[in-house]
Amino acid sequence: MTLWLEAFNTDFWYAIVGAVLLVLALGAFITSRQLIKKLLAFNIMGSGVFLIMVGLAQYQHGPDSVPQALVLTGIVVAVAATALALVLIRKFVLKGGQP
Amino acid sequence: MMWFDLALGLGLIIAAIGVFRSEDLFRAVVLFVTFGILLALTWLRLQAPDLALAEAAIGAGITGVLLLDTLGVFRQHEQDINPRSSSQLPDISRQWAANVLALIACISAAGLLAWSLFNTLKMPAPHHNLVTVVEANIAYSGVSHGITAVLLNFRSYDTLLEVAVLLVAIVIGIGLRERVTTSANATSDEGQSKLSEPPALLTSLVRLLLPLLLITAIFVLWAGSTRPGGAFQAGALIAAAGVLARLGQIDIAARVTTILRLGLTLGVFIFLIVAVSPMLTGKPFLTYPAGWEGTLILLIEFMLTISIGLILLSLFIQAPRPRIPAPVRNAIPATGPNAETNKGGDQ
Amino acid sequence: MTLLNIFQTLFITIGCLFFLIGTIGLLRFPDVLTRIHALTKADNLGLGFIVIGLIPSMSTAADIAKLIVCWVLILAASSVSAFLVANQHIKKSKEFKDHDVV
Amino acid sequence: MNAWLPVAVLGTSLIASLIIFLVPDAKQRLRSTLNITAALVKIGLVAWMVFGIYQQELFETRFTLVPGIDFVLRADSLSMLFAGLSSVLWLFTTIYAIGYLEGSPHRSRFFGFFSLCVASTMGISLAGNLFTFLIFFEMLTLSTYPLVVHRGTQASLTAGRTYLRYTLGGGAMLLLGVVLLYSYAGPQVGEFAETGTLRAATSLDPRTLAAIFVVLIIGVGVKAAFVPFHGWLPVAMVAPAPVSALLHAVAVVKAGAFGIIRIVYNVYGIEFSAQIGVLLPLGILAAITIIWGSMQALRQMELKKRLAYSTVSQVSYIALGVALFGPIGSIGGLVHLLHQGIMKVTLFFAAGNYAETLGIHRIDELDGVGKRMPGTSLAFTIGALGMIGLPPTAGFISKWYLGIGALEAGMAWALGVLVLSSALNAAYFLPILYRLWFKPVRGAWPDEQIPAARFETDPWLLFPTLATMAFTIAAGLLASHPWSPLTWATLISVREYLP
Amino acid sequence: MIPLLLIIPLVFALLSVLLPRLPIKAIAIPGLVLQLIASIQLSVHTYKHGASDYALGSWEAPLGIALHANGFTVTLLTLTAFIAIVCAVYALIYLKRYEHEQRYFWPLFWFLLASLNGIWLSGDLFNLYVGLELLTFSAVGMVALTANKASLQAAIRYLFAALLGSLGYLAGVALLYGQYGTLSIQEIALISTSDAPTQVALALMTVGLLMKTAIFPLHYWLPPAHGGALAPVSALLSALVVKASFYILAVLWLQLAPDAISPAAAQVLGALGAGAILWGSWCAFRQPDIKMLVAYSTVAQLGYLMFVFPLSIGTSAAAAELAWQGTVLHLLAHAFAKAAMFLSVGTLVLAIGHQGIKDLAGVSHRVPLALFSFGLSAVSLMGLPPSGGFNAKWLLLQSALSSGQWWWFIFILGGGLLTAAYVFRVFSVSFIEEARHKFAPTHWLLDVSALTLAAAAILLGFVSQWPLTLMELVPGVQS
């Protein structure tokens, strides 16, 4: 029992939430047919991974700026990925593709 | 405080499920933006204010705007090509196979993650503790805020590559613009944005908000060296200002001119120059000259803010839009400026 | 439980109450216009109360000023966005033929 | 200088092929001179090396290709036998081909691949270890495929496909065998030593070595057209005459036979292979092929098909000679490698002449050709007699030695096989000779292209045929001459059987 | 100077974004020559002094990012520089008729090179992630350049698959950071233990990287992307981009935590590789379109690379050494041969105007040089002797035998025969006499560049000693 109590310090809980988000988003990514839904699933999956990264790194010795810097880079890369995907999807739909 | 974390965590998961289950795309995007805001709150709970700021500005803000703009383009595209059935019935077998595959993937991923998370609990503290190392070296990094030190000094190569990633995204965006961007079509781009005259109230609010946004952006940039803030968040704020100006019909960076290209590449260019110059005196790549770290980092951050702002803004403006369909175009001269074509659901 | 604490908790609870009313209004009202009405009015008022409730616990004058500026900005933004949503709704829906649109 | 000679021999035809590829089709004269000079230079170099080997000099080029395995070109007595044969016959085939392909399109491409093919044959003969042998063995497949499909008709394409299926399969088997041998017995086993390297390695278990031997022989046997794998040979008859002559008399088939000789003599060593008892099955397989090939040849009514099946059986004579555990037997096998080459080339040249001048493809159209084309028919007759093994020709000598070798090795049944096959050879060659000389001409020739001018056919075609015919007779009569193939073969087998 | 290899492509990329059309083409070749010189200079340096480390911003490994240049990295750098020059020369002429694409091809080309060099040199897990993302974006951009419906769909599918892969990789990095507290590969290699989180992290990273290397079950995105793209683009993608994620996988499995991986897991990867060979060859055999045939052949040939895992984990050092050498040679030979094949196919399609294999009739004497380079590269792909492909196959076969895993034999040998099956489909058609289409003349430089790469593949067969000795100094397995 002691394990679960200790798990409830905030950081580890958010790591678990991140893991759950990752799994849910993975399932949604594969099943969804619409490209935008896939893109949303990708973003949520990214956030899940970031939560795991910061949660796992910080649950024992408090705030650590290295994973936070990495996640900041990760968020910016995720935005770039979303913007690129949207550019491609819009052009694809304008050329007569199915969203 | 434990109950708040529990609620916030569950809230995140419910928002995510909401996004996946909703059929209508608009609903999904709105729920996604709420998910972004909840995530910003979580970062606060994880004592990562930088990430909260970034998530709110970039994750929920810019991504939300891009998604809504795309939905607007889809809806307008539907109207142009006489609305037929939204999508023909997908063949069931492919859907069934996708579901089974998704199930297997989810179960295996969940099992793996649970098994590893469960074991990390039993593990001793990790061998290396970078927190102490960062504290030890922060004095030499020229800034007092840990994250900015890591981003722009200890791991500055990552940041360089990351801005290059942003630059590639916008280069592709410009590359895929409507092929016929020669003069004949360029005016129509202009004409189109002038088309739907925005309500006066919006323009006045925009005129009020713009200076305020720019001041906060510069403040966030400046605070970066000591408090949470920095180039990326400031860049996102500038992009938000640009988007607001675009909605309020104040036209900036609409057409791809050489000045815009210079602006886009400015950040990486200065970063490279600052990184390469010490190499002439024999120091390794990306080292800052001894006493100058603070000022050089600020210089790079300033340039980065400008180009990130411009890149994120251009990603919004240059994204492919349907050219004005023929019937509407010849309708413009007759009825004057306030023709009623709705330029995408930007509200 | 000094006087200040009572004052603060009182105002913040009133603020939350107004938020609660706003959300109930959102759920109960039938069409778009009434819902915007409920949302903007109740929430802004609620926020005002919370800001007042928070002011005593702020240490420096600058923080208080920031809080108030936040409130003013939210007021401006929510009213303009409410107006735009209404404007859009009128343009879209059929029965408001005669109203001209600003 | 010695280290660079083998590479020079290989280089002549490689460089020639690259240049010829670039020469446009129209420039007939330039291409012909290039071809012939390359052939003459090669013969000169080979003669120089033969002279050097006679003085016990060593010619070797070696450089490491993959760690632990070297690319070795070494000229020893056995390689000179095959190199000499191919370089001489390549000269005559080139002259013949220039005449044969007078009007046809893409000649540059043909001659480019033609010299590439001979380069790989040279490589096979000069290979110093099993790895280099494998490299050139596969290169041969690649360079002969375009020659088989040269005409571009649907029939030649299907023939090409079957040809590939067999040869690539064989190549894969050989690769498998070589890798098994290298990893089981170590890379130094691959080196071709005079009396075989495996003899020393007594520690290895003979059963696995025998299994590896079988895999190697199958890999090489496809090209040597042993019975179950000979399918590609008759089908590849669709190719133009010089190709089937070069392919079946010199290049592909002999490469297979040469491979068997290398494996038995230089890798396993004749005594060791006898020890692990692989020679007998090899001999039986060769015997079956000899009998079966001759039987099939009887049933063929088309001239080139009959010659193809006769090649199938003749090549197995070499394998039989190798399987006869005794110096005389191996001399017979080795010398037959050379004699059969010369005789078969003459026969194919003659067949090509008939097809080219009179348009004759079937045997029953051959009535009374002797009068119309006396020279070619004489060459055909000499070649046929050689095949049967009558005294004045080279064929007689190799069969004679094979017979004695069989007796000496105590395999009387091998002698029986030889006699039976000679009878079968007579059965399918003599009727042709009878038609040639004693049958009256039946009506007009199917498709007379070259009129009977001063010579019976194009001089370019006639002279190579007569030259090779002269060689057949010379090899037969001057057998004991110090420079003759027979003495050379005895020199090789003497070295094979040293202590 | 290690960082030079990172700076040159980035500077030229920025110039290509800024400058108008003409100067971009002008600076392309000089920049690439500069890069080749830098990589050769680094190779010579490594040959003399062995592996070298380089701390960026003079911050040591656990905190800062360390670049690591050993024998394998240097070989890959020179390979990238060489193939990039030839593809650039080809693209200069090939893109003459694609006016708009040309403007945006060159910046993406340079960013691709920058990310490739970054990945070869980097010794830091998160830095590899950012490098992979930059690589994916520029590759997707190049695929989507032609902006027609099919290429856009292929680009979207490629982008989603690659993003999914990088997220898998990032999840693994997150777990590893949580477990060891550092991101530097060398640091983790020292203290790595085989416990649950490390194995799960490796599993996630492996699945992510398999998705990005398009190994058998996760290869659905590669054929439309590589088949539909412009010829120089698909040459670069097939030869280099796909190899980057394989390089990271190899570094992870063989350097990061060799003892954390069970031989059974390695056998699974080997099975995937075998499946890739069979499935790729089977699909390639059935493709009517020549570029799709070559794309599926990439899927098949990538299967060979997977054999390094079962042959080097849990086997004797000698077998592992042979397997590693064989894989390196195969990687080099496949890069040359596949790039040459895509370039020659590009010329053929340019001359004929159609992409069907049946339309190739009569090509053998109208566009002989292109077909000749196609033939040479086919020889190397099939692993027939004089080529580099043969040496690689030879080493893999020997390693399979000495490690006693005979079952890989069938796939290595069978793969060669299957490749022959679908390659000779092209040859048999090209020897047909009457041509079906009018042939447009093609620029001679197109043929020359394809020929140089094909000749390199064949020459590798003879000089395969150089890269291997370079590897010997600091063999990938031990360092």
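Labels for the chains are A, B, C, D and E, by order of writing; each one numbers its residues from 1.
FYI, a residue touches a chain if its C-beta (ideal position, glycine included) is under 8 Å from a C-beta of that chain, and two chains touch if they have at least 3 such contacts.
Just so we're clear, the structure is a prediction, and the values are computed from it rather than from any experiment.
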{"item": "Chains contacting each of chain A and chain E, listed by label", "value": "B"}
{"item": "Least hop count linking chain D to chain E through chains in contact", "value": "1"}
{"item": "Chain centroid nearest the full-protein CA centroid", "value": "E"}
{"item": "Between A-B and B-C, the pair with more C-beta contacts", "value": "A-B"}
{"item": "Chain located farthest away, centre of chain D as origin (C-alpha)", "value": "C"}
{"item": "Inter-chain centre distance, chain A versus chain B - centres from mean C-alpha coordinates, in Å", "value": "15"}
{"item": "Whole-Å gap separating chain B and chain D, where each centre is the average of the chain's CA atoms", "value": "73"}
{"item": "Centre distance in Å when chain B and chain E are each reduced to the mean of their C-alpha atoms", "value": "31"}
{"item": "Whole-Å gap separating chain C and chain D, where each centre is the average of the chain's CA atoms", "value": "99"}
{"item": "Multi-chain contact sites of chain E, meaning residues that touch two or more partners", "value": "126, 130, 133, 137, 140-141, 144, 147, 175, 178, 181"}
{"item": "Junction residues of chain D, two or more chains touched", "value": "none"}
{"item": "Two or more partner chains touched - positions in chain A", "value": "15, 22, 29, 50, 52, 56, 66, 70, 73, 77, 80-81, 84, 88-89, 91"}
{"item": "Interchain contacts (touch definition) - all pairs", "value": "A-B, A-E, B-C, B-E, D-E"}
{"item": "Chain C contact footprint on chain B (complex, rising order)", "value": "199-202, 205, 208-209, 212, 340, 342, 345, 347"}
{"item": "Chain A-touching residues of chain E, taken from the complex the two chains share", "value": "126, 130, 133, 137, 140-141, 144, 147-149, 152-153, 155-156, 159-160, 163-164, 167, 170-171, 173-175, 177-178, 181, 183"}
{"item": "Sites on chain D touched by chain E in the complex", "value": "21, 63-67, 69, 71, 105-106, 109, 134-139, 141-142, 145-146, 149-150, 152-153, 156-157, 160-161, 164, 168-169, 171-172, 175-176, 179-180, 182-184"}
{"item": "Chain C residues within the chain B interface of the complex", "value": "73, 76-77, 80-81, 83-85, 87-88, 91, 102"}
{"item": "Of all residues in chain A, those that touch chain B in their complex", "value": "3, 6-8, 10-17, 19-34, 36-37, 39-41, 43-44, 47, 50-52, 54-56, 58, 60-66, 68-73, 75-84, 86-91, 93-94, 98-99"}
